[in-house]
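Given below, in the form of structure tokens, are the structures.
Paired with subunit B in one complex and with subunit C in the other, subunit A is shared by the two complexes that follow.
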Partner chain A sequence: MAVTALATAEGKRPSRLRRLEDERWLALALLTPTAVLLGLFIAYPFFEGVMLSLSSTRVGEPGHFVGLKNFHKIWNDSIFHTTMWNTFWYTGVTTVFKLALGLWLALLLNRHFRGKAIIRAFILLPFIIPTVLSTFAWKWMFDPTFSVINWTLFQLGLITARINWLGDPDLAMTSIIVINVWRGVPFFAITLLAGLQTISPELHEAAAIDGARPWSRFWHVTWPLLMPVTLVVVLFSVIQTFADFQLVYVMTGGGPANATHLFATYAYQLGIGTGLLAEGAAISLAMFPFLFIIVVVQLLYIRRVETR
Partner chain B sequence: MAEVSIRKLNKMFDVTHVVKDVDLEIRDKEFVVLVGPSGCGKTTTLRMVAGLEAITSGQILIDDSVVNEVPPMDRDIAMVFQNYALYPHMSVAGNMAFGLKMRKFAKPEIETRIKRAAAILGIENLLERKPRQLSGGQRQRVALGRAIVRDPKVFLFDEPLSNLDAKLRVQMRVELKKLHERLGTTAIYVTHDQVEAMTLGDRVVVMKDGWVQQVGEPLELYNTPANRFVAGFIGSPAMNFIEATLGESNGAVVAEAPGLRLSLPGPLAARARAKAGRAITLGIRPEDVHVATDSDPVDLCFDVIVEVVEQLGSEILLDTRVGPATVVASVEPTMRIRSNERLRMSLKPERLHLFDAETEAAI
Partner chain C sequence: MIEGALWRRWVFYNIPLILFVFVLLFPFYWMIITTFRPDGELYRPWNAVNYMPFWTNDPTLEHILYLFEETNFMRWMFNTMFIALVSTVISLFCGVLAGYALARLNFPYAGGLGTAIFVTYLVPQTLLFIPLAEIIRNFQLGDTPWSLILTYPTFLIPFCTWLMMGYFKAIPKELEECARIDGASRWKAMVYIVIPVAVPGILSSGIIAFTLSWNEFIYALVFLSSPDQKTVPVGVTSELIRGDVFFWGPLMAGALLGSIPVAIVYSFFVEHYVSGLTGSVKG
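== the complex of A and B ==
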């Protein structure tokens, strides 16, 4: 106010602060920092990645524009095919299990019992521990020689010989799926629990009086009302799992014989490990259309669910 | 045909005793209102009848069979919740159909019932809407509709009008009364609003601190309250209370307080004589106090100073001071009275109430 008063009193042109009272200038001023950050750390790297994937760059060789040659090459690469299949399988199976177990846990935690708060906090542990640390612990449990799982199964008389968890392609994939589920369930459980708590207990009481047995109450009341939250959690989880790197990198490095490679680990192996930067970039970018479609479809669906 | 019997009903939440030895016989087709201040145990009692709350001790019978262990869905009751509790993801028709679907009614039957209930409640044009597209009053109707379609033995209402604005509340109150007259279903209704209790109830149960204070028809509670709490709770504006002592003079029983000396009329004097010399509370309703005229006997008159004049149009409420006590009087709207005016007031002797100062029970 003081500034405005001074400006008019002395008949000067409006000060810069005055200009911010115009919404167009204010919007510009508020949006600029975000736009700069997004441009610098997301748009620019993305653009560089696209350019890299269209070049013949390797470590120590600047390279030149080669068009879609790299994409053509990976399209005919059998390891890339395995990688693609692996990523879909890994994402699909883990999401189903994380959702089912997470929902089950959330329903249990939504009940009243002694020590509820402590147990809720403990549930989050797998999610809080840095993935690399917990994955190393799992690596020991699946170790061919020192596996505590093998030891237990052996002591129980269920097996007679060691199981080479990470040496067999199918078992290795199963192992990393188990670990991913273990790590991801808390996120599902806590988020779904938060969703459950927004559902008024009166609705369950009304349904109980209306004659709905517990399963019907879940199916007709809880589940539809939890749907928007569920979709958002699944969306987040799918994006994260699809682009997962650390877990596979630490556990198997993509082996045995490339059986557990995901997009991210294979891109890393080719791009950084072998130095074929351009091809690595092409593989990374191959994720993009899939993720894009998944995100668009889910967002459309979420919008539909939320507005109904 | 449905009777509800509540026998020696008790409810403990951990160590808190919220419902204490409640006994109540609700007759077929009767509309019974449980009324009392927050935390008096009325809602908990209702929820125990619904089966939503476990019973600590005592019995609840619906049509002579004990339902203590019967789950809510098998009690053949319908409940209207304070916050309506409509299923937000279902349409109005879906909300009303849900209970029937769960009970495996045939589709045509469900549709007939929904149409009939919608017609009764005037919500035919809302059937396809979602609850969030409805106003509070409309939601309330849908909640009622959901109860009606089931054609249950007993309706349970948990403060169903408390979320509506004042005007709508009065309107819905009238409709509820009409609805009950039309359907004739036994109903238990919980409210903290004594006006709702008085207007809706065939009988009213006044509760406080988990105890039933009095059960009776509305006028019975108004005319002969069992204790000071009921006297103060029922009636608006509330009854005036004056701390006084009983004495005898010339064979008459008189109640004395600073600035006040009233000789009690015959029947009341007879009951009060035994308590002569003791502290009591005098009770008189504002509508039973009037500005004294020459025909009023002197020993029923007292002098007051008017503190506040509240002109309500249909009546005037005078907040007056008698010694240390405040007495509210409802007088004719045509009277011209200003604050700080000194007035001589009188009262209807047969409308005087006496309460034991210690036990607060009516004398």
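== the complex of A and C ==
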């Protein structure tokens, strides 16, 4: 009796819940919120961005279709050339330094010593503190008149006159690179450290017994095993650096004389600053081919790892 | 580990490590010391005789008081906190469900959808901010917290989904099957059996999502305009710089106080943060 009652109760359950017993319906239900948000605020803006970049829209002035005119215009724009060169230089140099210094720091941390946990917690601070806020501290340190860096160099006898860090295009770019490296090294160090910890110490001991010097132990044992993590970390970092905005916006705003723009800051200046929405959108989209290549490389790599 | 003589350990390990820690932390020290330095000392040229960079003899609270009395700083803190919390909750909700579906269910196009979410994970905010600003305006969301609460999940959800997929994949299938044999529905098995086991993953994604939304800048800069709607990074940038004049004291005080909530959350969950960070780069 009780059993039948239970069975009918089961049978009367709303059909919606029963549908969720089917894996396909459940998956659909679980993925809908994500699909709606990402469709509305990534796919749709992407489509709108392409349309915008092919139009003559300005703030308060709905434009019309003009084909590739905006792309043609930025292609012949000398500031855009500087921007492009800056972005590749900035991405390349910072990535090399972040990888080298991050790996060094990871190797330093990959031992047992007192206070390791607390040091690891502290060195991640540059990465977790909001970038804009820590960049202001750097801007104040690089201030031409009140710079503590100038003071230190002067006290060490390395300079006799002040260095105008943010007033000279090359120095400004160098300053920005320093800050980006400062912010990125902890991320490289902590993720590479996690990679190092998966390498068995026995491999090192075996190589040492075979007479390998520390350098060749690193080069022939550690580095090849660390390669997969390194590649993913580098690709992530390259994307973030290539599309960077905050650091340059705070430090120089693209100046002096538009010499330190990256794609994002130049797009902001034209699109939001002067209201040339269509051109701004075109400059943003100019990042797309490069980002696309990186994403494809990363996808191919992941697929290779998964099928292995 | 093969360790050498004491001096070797100092030269090759301890001294480099101390230098690293010094350089990585010095800007924060500089932030703190500037916050408490009186203006008279702050604006003393670097080559002045009495320039005293690393210490101050008469610390002051004037910059912090300025921040509270002359600007909307408390309001910015509240805005940032509210936006970060709500968008984190939304992203966790979506990310956990999507991660579960992609990691543990068989359905058509699962692979393609997984790839699509991974690709959106790599879309930087700076690619879409101009068309998105137009869309936000058309939806009448401009200059409201909702413009950020609804757009932050676009970079948080892919991240949470990706991270949660890793955690869900590591949970053995048998766990769920046992529950289903005992009569639990698929939905119940997910909510009561699998998701509780993945709580460390949820914590990790939540903490990273929170710090990421606290850090976000360009959307907040473009979508918000009135001073009392701003978030801390945008408010500090736009209200404490007038033309070419930088209010360095209050600026550094704002940077310091604005970092504290993130630092507190981080300090409580360092291990979760680190495991999330390292999990996020595992292919």
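Odds and ends about this structure:
Methods note: the second predicted complex is superposed on the first by the 284 of 308 C-alpha atoms of A that agree within 3 Å, B and C clash if a C-alpha of one lies under 4 Å from a C-alpha of the other, contacts with A are read in each partner's own complex, and residues count from 1 in each chain.
Throughout what follows, contacts are C-beta pairs under 8 Å (C-beta built on N, C-alpha and C of every residue); 3 or more make two chains touch, one makes a residue touch a chain.
Remember, it's a predicted structure, so these values are computed and weren't measured experimentally.
Partners subunit B and subunit C, brought together by superposition on subunit A, fit side by side with no clash.
In the overlay built on the shared chain, the residue A:277 is in contact with subunit C alone; subunit B does not reach it. Once both structures are fitted onto chain A, a short way to say it is that subunit B and subunit C open up an angle of 80° at subunit A, using Cα centres and rounding to the nearest 10.
Looking at the shared chain after the overlay, A:171 reaches neither subunit B nor subunit C. In the superposed model, A:225 makes contact with subunit B only, not with subunit C.
Of the two partner chains, neither subunit B nor subunit C is touched by A:66. When both complexes are overlaid on chain A, the residue A:163 reaches neither subunit B nor subunit C. Looking at the shared chain after the overlay, A:38 reaches subunit C, while subunit B stays out of its contact range. The larger set of touched subunit A residues comes from C, when the choice is between subunit B and subunit C.
When both complexes are overlaid on chain A, the residue A:202 reaches subunit B alone and has no touch with subunit C.
Overlay on chain A (Cα): least separation between subunit B and subunit C is 8 Å. The interface of subunit A with subunit B overlaps its interface with subunit C at residues 205, 208.
Subunit A makes touch with subunit B in their complex at residues 200, 202-203, 205-213, 216, 220-221, 224-225, 308.
Interface residues of subunit A facing subunit C in the complex, by the touch rule stated above, are 17, 20-21, 23-24, 26-28, 30-31, 33-34, 37-38, 41-42, 44-46, 48-49, 52, 101, 104-105, 108-109, 111-112, 117, 119-126, 128-134, 136-138, 140-141, 143, 145-148, 150-152, 154, 162, 182, 185-187, 190-191, 194, 201, 204-205, 208, 228-229, 232-233, 236, 239-240, 242-246, 249-250, 263-264, 267-268, 271-272, 277, 280-281, 284-285, 287-288, 291, 294-295, 298-299, 301-302, 305-306. Interface of subunit B with subunit A (complex): residues 50-52, 71-73, 77-79, 81, 83, 85-89, 98-99, 102-103, 130, 146, 150.
The residues of subunit C lying in touch with subunit A in their complex are 1-2, 13, 16-17, 20-21, 23-25, 27-28, 30-31, 34, 42-47, 51, 53, 90, 93-95, 97-98, 100-102, 105-108, 110, 113, 115, 117-120, 122-135, 150-151, 153-154, 157-158, 161, 185-187, 211, 214-215, 217-218, 221-222, 232-233, 236-237, 246, 248, 251-252, 254-255, 258-259, 262-263, 266-267, 270, 273-274, 277-278, 281-283.
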